[in-house]
Amino acid sequence: MPVISYFILSAILFTIGALGVLIRRNAIVIFMSVELMLNAANLAFVAFSRLYDTLSGQVFVFFVITVAAAEVAVGLALIVAIFRTKQSIDVDDMSSLKR
Amino acid sequence: MTLAELAANLAKILPLVVVILWACVLLLVDLFVPKERKAWTAILAAVGMIVALGLSITQTGMNSEAFGGMIIVDGFAQFLTILVLGSGLVAVMLSYDYLTRLDIQRGEYYVLLMFSISGMILMALAADLIVIFLALELLSIPLYVLAGFARPRPESEEAAIKYFLLGAFASGFVVYGVAIVFGASGQTGLNNIFQGIQGGSVDLALLAVGAALILVGLGFKVAAVPFHMWTPDVYEGAPSSVTAFMAVGAKIGGFAALLRIFVSSFGVLAVDFTAVLWGLAVLTIILGNVVAIAQKNIKRMLAYSSIAQAGFILMALVPYGQEDVIGDAVAAALFYLLAYAFMNFAAWAVVITLEKAEGKGLAIEDYAGMGRKYPILAAIMTIAMLSFTGVPPTLGFVGKFYLFRAVIDGGFVGLALIGVLTSLVSAYYYLRVVVNMYMRPGEPVVQRDNWVYLTAAVAGIGIIVLGIFSLPLLTWAARATMSAFS
Amino acid sequence: MTSDYLLFMVLAIVAVASALSMLFSRNAVYSALFLIINFGTIAVFYLLLGSPFLAMAQITVYAGAIMVLFLFVIMLLGAEQLRKEQTLIWQQPVAIILGLILLLETGYIIYSLAIQEGVLPSFNTFLSDYGSPTAIGTLLFNEYLLPFEITSVLLLVAMIGAIVLTKDQKR
Amino acid sequence: MNFLDFLLNPLNLVTFFPLVGVLVILFINRENSNAIRWIALIASTLTFGISLWMLVQFNPADPDLQMVVNIPWIQVAGWEISYFLGIDGLSILLVLLTTFLTPISILSTWTAVEERVKEFMLFFLLLEVGMVGVFLSLDLFLFYIFWEFTLVPMYFLIGIWGGPNRVYAAIKFFLYTMAGSIMMLLAILWLGISQGTFSVPEIIAAGVIPGDIQLWLFLAFAAAFAIKVPMWPLHSWLPDAHVEAPTAGSVILAGVLLKMGTYGFLRFNLSMFPEASVRLAPWIAVLAVIGIIYGAMVSYAQKDVKKLVAYSSVSHLGFVMLGLFAINLQGIEGGILQMINHGISTGALFLVVGMIYERRHTRDMDSFGGLWKVMPVYAVLTLIVTLSSMGLPGLNGFVGEFTILLGAFGSKVLNTPWFAALAAVGIILAAVYLLYMFQKLFLGPVDKEENRVLLDMNLREIVTLVPLLIFIFWIGLYPSPFFNLMEASVAKLVENIQVAAMAGLP
Amino acid sequence: MFLSEAASSGPEFFYLVPLVVLIPVIGLLINIIFGKWMGEKAVGWIASAAAGLAFLVAVLLGYSLIGHPEGAVVPLAEWISIGEFNVAWAFQVDTLSVTMMLVVAGVGALIHIYSIGYMHDDVRFNNDPGRYRRFFVYMNLFIAAMMILVSADNYLMLFVGWEGVGLCSYLLIGFWFEKGEDGIGNALAAKKAFVTNRIGDFGLMIAIFIMFWAFGSLNFEEVFAQTSQVAETVILAITLLMLVGVAGKSAQIPLYVWLPDAMAGPTPVSALIHAATMVTAGVYLITRSFPLYNSAPQAQFIVAMVGGLTAFFAATIAVGQFDIKKVLAYSTISQLGFMVAAVGIGAYAAGMFHLVTHAFFKALLFLGAGSVILGIEHAHHHLEHGEHEGEGGSEFDPQDMRNMGGLRTRMKTTFWVYIIGSLALIGIFPFAGFWSKDEILLEQQMLDPPVYGLLLAAAILTAFYMGRQLLMVFFGKPRSEATAHAKENRAIITFPLILLAFFSAIGGILNLPRIHTFTDWLEHTVTTIHPVEFSFLTAVVASIVALSGLVFAWFIYDRRYKKQQELPAEKRPDDPLRQIFGPIFTALENKWWVDELYWVLFINPYIKFSYFMADVIDWRFWHDWFHDSVIVRSYNGLARFLSGPFDLGVIDGIANGLGRVTVRFAGSLRMIQTGFVRNYALSVFLGVVIIIGYLILR
């Protein structure tokens, strides 16, 4: 099982995640896409970690998961807060700051 | 790791530990501080930072590793630590009255501020990609919250969500970049990666891609074009005191990591990245300076200006692969960051005095008549603007001089030329503020705020005095660099 | 090897498909559910790659806690679907084209890596306790003590942040 | 050098003494305008006194730098920046001109500037510090600091106390001059890196800059100086700045700031890049001659007196440039003297224009006429100044222009008399536009009612103008003391250039 | 000779020479500083005394020269000294310079005295008595400048005087600066004089440059000593460029146009500056530079030709003028032509001789004319005041000869001195002009026949126009009320006239044939001249020519004029000549339209071009367009372009530009205005794609 397969898979997932950020308007979905990106990266990490027979990659993934959790807490709180004022979580509605 | 080892390691990062613990304690103490006495929280936060500052100063000359090489305590880290702590202190001074005015005075503000500062300090200390990533998050997440601190003001919330979503997006790239670097080298420690490269066991093409993605993520933090677009919106929407702090702090953090990573580990990639960094720097200074002209809101203008300033600092990274130049270049970057902190706080202090609730008083036209009515504030703003432009004898001039010198020394005369030309362009919009203050009639009303006045005065005088007597600072920056990268 | 390969391919297809479905689902709830599937497959990959600890973490923290939180918020806000109108018509095609370009670029990099001998080879056999929770735990509390502590701070910060952002500002 | 020596060095004193005035003024209530005026006047007059003391100590026979202050300033990580002041024959007259014109300008603002006197005087004294610093500093870094620093006060002088279009003019002034100086900044950096020092004498002494690079450095420095001068076609900021600036600002702008450009050519381009100077001299001469003719023609077609005088500066400074790049004794000495002459004559012209503007609040020449009848003293003094400006023999302008043209005519570097011959046409044209101006203002019948009641010059105005008139006659009739001051240094400069670059010339 | 013996053993007064400059300067300073508190008389007399004292010094110098004819150089002070370029304030005393000094100070003193009376009236007619003092200051300044010119020992100091007298000329022509055509005519005339002179000075200046680089000095002695060592072409260039200067100052073709206009100055000025002294500076310059001219024969040829042509050309114009002073002005140009022609062929003595005699009789004629004008003006004013209506006030021109006539009975002294002056000018034996002109004609006849022809023609015309003037002014009947009431002037005015008339009559004795006092005197300085033997034939030819001109004038302006008086008023021509020559007379009256030609060829194009440069090139193109459009607008444009997606204005602008069809499209285009997070993310993503793409591609 070449590591390349995992790499390819993670690249595809990462791109899909990035695309999600680019084309979805729902803030929550965008946020989920970011999570997908992180997961893609994690996958690569674990694969490379396996390749080099070291655990530091896995540890990194552990940290990433934790960070993701922290981000989710703040992010969702923000989204909720915004929804309270704007009654919308469409990011395109959040464009009063411009020019 | 034994307890003794742990203690020894923690001792090396004592300023950081103090800031974090102080923040935790402050969080608890704040519960007992009544709402109308939040000044105590502010003062305690400031004291904490002063303590950390003192501890950091005692570390002068230290050059050692901690936590198995994940942390490097050296002059570079110390320089930035002191800079960050100083900025934090100033941020507290700028914030207190302002928050009261906006009716968002809450103790968590200072706690979050301190956590963000701890992230920045960690960034300066970090020598492992894992730590760098964590530090990045540690500095960012409090900033996301702080940007939305003026909740439920919609622009503040909007700034927060934009900053947050894009920040998360950018950290996605950082993570993936770290993954690829790890894939190429099997290491996360910067020193290990460097040794791996020396040993020839690293695939450079893959490493370059990883480095590129890390560059993107950090470029986002320092607001380099084309990763800058959040900047104006967030700067405008966030409370001004936060913006002032963020403009300096996030840049320090971002550049600390960029300099550390690229200079200490990725020197071999210079063939690839010289051009990339060149392009980024050029795009950033040009776009930042040019678009700033079109701005009518002073916060947005300062945002673009900060983009441009980031571009200038990026210039220092361009010759990063040349060993004989890089020392000067990094020192120039450090010095410029310091100069930038001064100019930035001087300008923002004046902005804060003039800002009224509901975002009034932020148009550049609102500065009309300042020169007559508030000559000292106007003078400070003018000094800041001139320093941004790079007119001697200000700190900004010395900073640019040093930067361009390093750039030319590295053989990038064209880059320096673009740098000076865009400085010229920048004169146009910086002068517009001056024009409004001195040459147009108006009746501005300033909020009386002694701490902010003090900040403005100190920063303003510092810009001139340190501009003339810049030797100690230059020496400091040069020593800091020497201890880290030679 | 073949069975491994087959398993990998099936899971990979599931992962990509669920990711794409997440991407194109109109309904945010569906998106979340697809994402959970995706995370599940990734957890399986972790198992395949010899990290049972991470697989567990993935299922419990990610698929479990985080995604449930997502779903909860979606439901709470009643924001499953946005109004139909598209605001940025050119954003979508441009983004997709750029995504394709990025994939092409990645493909090229991987291709050029693949034709090089010795770079990114196949995996070795497992070491005895590779990826075991014990091993990872030891690492975390020794070598990676500092990052570990930082993550704790990070979580604390997130907590404060969430409170600050949602707490009603009552007198 | 101990501290007292440092403090009492004439160069330090003359540079920074105005700051004493600044400090005092800072502590005076802004309502108390008269006290502020007096302090500014006294401070600048004392500065002039100090500069005279400096003149006494100056040894004209010594071609080298004198009264040197050279202490390390920023010396770290390969920077060799010193606080390096010195004076020689090339700069002494310009320093004196600066300290001389400043009190006169301040005196001229007595009634013209009524608003924000405090700031005005602060900026003015700061400007003096910058200008004197420019002429005295010999470290490129220090020079650049002073050089750029002068922009700021001048920018405010134009922008706050200027005419209706002042903001535009001020910004244009700032941006144009800054555009040039940033090019110079690059060249300075390059020199600092490649030579390992920013000290001008050391760079000259080393003399190792290869020819082609000299060319680039020359151009970079020239960009800054040519805009400042301003040489055609970079003059477009000048009419705006002059027309909008308050009288005192115009006097200093024309009198001193423009000289910073020509002085820069002299001190830096000619001294540091001799080969490039010799190679590019004909091109500079071409621009200078175009400037002379062009400035004269365009002056003639102006309706606004101040604009006319402003354009005449383009013409006059063309002469200076031509002289400097004749690269012989006559040309350069004439050029330096002409800098002084232009400072005096054009300064006086601006003062004169300011006086009438203060009375009538217009500068349109069509709204005057026949003023000689109403204001005879004013007319006569203006006539003398006008004649001096057009180079009438016996007055200062002639000595400068003649020696310049003489030098340019036989210059080995320019190698053709045609430059001088064409430039001499500029003298004819100068008569055309200046007499036209004089005629429009003073001759003919008094056909405007409001002109009939104008008051002649008062004592203060006469006092402002008379010192300038004294120099107009003095330099015209007996310029030897002035030439003597510069002779040795110029001779050394010319010799250096000859040794470095002109060996192969016929 | 007794005198020379006495002088050679007597004291030398050479060291006094700076006084010729300083005394007038002192005079003018006294008048400037104290004049305000002194009476008019005192001012006038101080100025006159200054001129007189200067004359006295000149006499003393002349006396010393008799004993020491080699003269001396008296240095006063260093002036400009740069490297090998050394010029001093130093005075040359020799027979040539002292001759000039004597003329300048002598005639000058007389005219000063005359002015005391003349200006007293003039300032009152012009309603500005305050200007009296100014006049005398200018006059003294002129004497000083002229003295610098003639006493310089080097070309640069000469140049100082050269331009200095130009300045005085400017000031005095514009003395009544609010008068003249449209109130500005005089000022314009003054400017014209100065600028035209500057054109000449330009030539002289270039000549000086060449001289310095060829000879290494500007000192007369040093330059002349090296003449033989310098290439001929260089000397040719120097001499020709000097001729340009001469043409300017001495009003030769093509730069003579300023002199007629210069008559706008008060009459004493015309007499002193524009007839007797300043305009002869050119002749002096050529004489002074004789070693140069002698070694450049081509230049000499051209000089003589210019002189001859000018003499003839100006004489033709003089025939068609009605202004009493304009006639004299053209006559002066013509006579200057004679002198230039003379010095052009190397007849320096003849030229200088004519210069001296001309100074006498032309000053006399001008002053006489002034006397006439004053007389008429007096009467005119008297009439105006008496009748309270007058003859239309300002329309009346007291200088127009058509308003004169019959004055011989009313202004007897003036009439007689005028007759003497005219005869001297015409060259009637034995008046001064006869001798000097004869000498010129004689030399021309021998050396340059074509020019001789021109001069002869000029001589006949001279006689004709002077006859015309005499007849129109003094004979016949008065043609205006004012003329009819004109009275002779006071003694202060007539006294100098008489004195000048005396010299005009006997001036010839200075250089009588066979004695050659003047030639010998000058030979000490101008070493190449030799006395020429008197030719009876030439004298007779010249006399016949002169007389025939007079006779023609009599025929036309007496006989024919009287006939015309019988015609009805509307058919009566203002000048009988108009009837005879018709269009040619109109051409003469309009000065051959030379001024108009210059206007079309040079002045107007210059003005137009200046305005074009200023308005179009400099302002609209360079200042506005280049700065505002190219720099600022492209700059703003760039700014807007870069911030384009954020800027509605640009999108709207594009939409409008695209026209109606695309308006609907613009609705969606407008959507790209942003503030959208996703856009920002896209930008980040784009950056990633590009950077990675770059890494792959390189």
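Lettered A, B, C, D and E in written order, each chain numbered from 1.
Keep in mind that, in the parts below, a residue touches a chain if its C-beta (ideal position, glycine included) is under 8 Å from a C-beta of that chain, and two chains touch if they have at least 3 such contacts.
Model, not experiment: these values are computed from the prediction.
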Checklist entry - What is the graph distance from chain C to chain D, where chains are linked when they touch? => result 2
Item to check | If a chain touches chain A and chain C alike, it appears here | outcome: B, E
Next on the checklist: If I count C-beta pairs in contact for every pair of chains, which pair wins?
Outcome noted: A-C
Item to check | Of all other chains, the one whose Cα centre sits farthest from chain A | outcome: E
Checklist outcome for this item: By Cα-centroid distance to the whole-protein Cα centroid, the innermost chain is D
Checklist outcome for this item: Note, CA centroid farthest from chain C's centroid sits on chain E
Item to check | Distance between the centres, which are taken as Cα means, of chain E and chain B, whole angstrom | outcome: 76
Item to check | Geometric centre distance via CA averages, chain E-chain C, whole Å | outcome: 100
Checklist entry - Approximately how many whole Å separate the CA-defined centres of chain A and chain D? => result 65
Item to check | For chain A paired with chain B, centre-to-centre distance based on mean C-alpha positions, whole Å | outcome: 25
Checklist outcome for this item: Multi-chain contacts in chain E, i.e. residues touching at least two other chains, fall at 643, 647, 675-679, 681-682, 685-686, 688, 692
Checklist entry - What residues in chain B touch two or more of the other chains? => result 130, 134, 137, 141, 144-145, 148, 151-152, 160-162, 165, 169, 173, 183, 205, 209, 233, 294, 428
Checklist entry - What residues in chain C touch two or more of the other chains? => result 87-88, 91, 95, 98-99, 102, 106, 109, 113, 120, 144, 147, 151, 154, 157-158, 161, 163, 165
Checklist outcome for this item: Each pair of chains that touches is included here, namely A-B, A-C, A-E, B-C, B-D, B-E, C-E, D-E
Next on the checklist: With touch defined as at the start, can you tell me which chain C residues reach chain B in the complex?
Outcome noted: 109, 112-113, 116, 119-120, 141-147, 150-151, 153-154, 156-158, 160-161, 163-165, 169
Checklist entry - Hey, which residues of chain B end up touching chain C in the complex? => result 1, 6, 9, 20, 24, 27, 67-68, 70-71, 104, 106, 108, 111-112, 115, 118, 122, 128, 130-131, 134-135, 137-138, 141-142, 144-145, 148-149, 151-152, 160, 183, 203, 205-206, 209
Checklist entry - So in the complex, which bits of chain B are touching chain E? => result 161-162, 165-166, 169-170, 173, 205, 208-209, 212-213, 215-216, 219-220, 225-230, 233, 272, 275-276, 279, 286-287, 290-291, 293-294, 425, 428
Checklist entry - What residues of chain C sit close enough to touch chain A in their complex? => result 1, 4-5, 8, 12, 15-16, 19-20, 22-23, 28, 31-32, 35, 38-39, 42, 45-46, 49-51, 53-54, 57-58, 61-62, 65-66, 69-70, 73-74, 76-77, 79, 82-83, 87-88, 91-92, 95-96, 98-99, 102-103, 106-107, 110, 113-114, 120-124, 127, 130-131, 135-136, 139-140, 144, 147-148, 151, 154-155, 157-159, 161-163, 165-166
Item to check | Sites on chain C touched by chain E in the complex | outcome: 87-91, 94-95, 98-99, 101-102, 105-106, 108-109
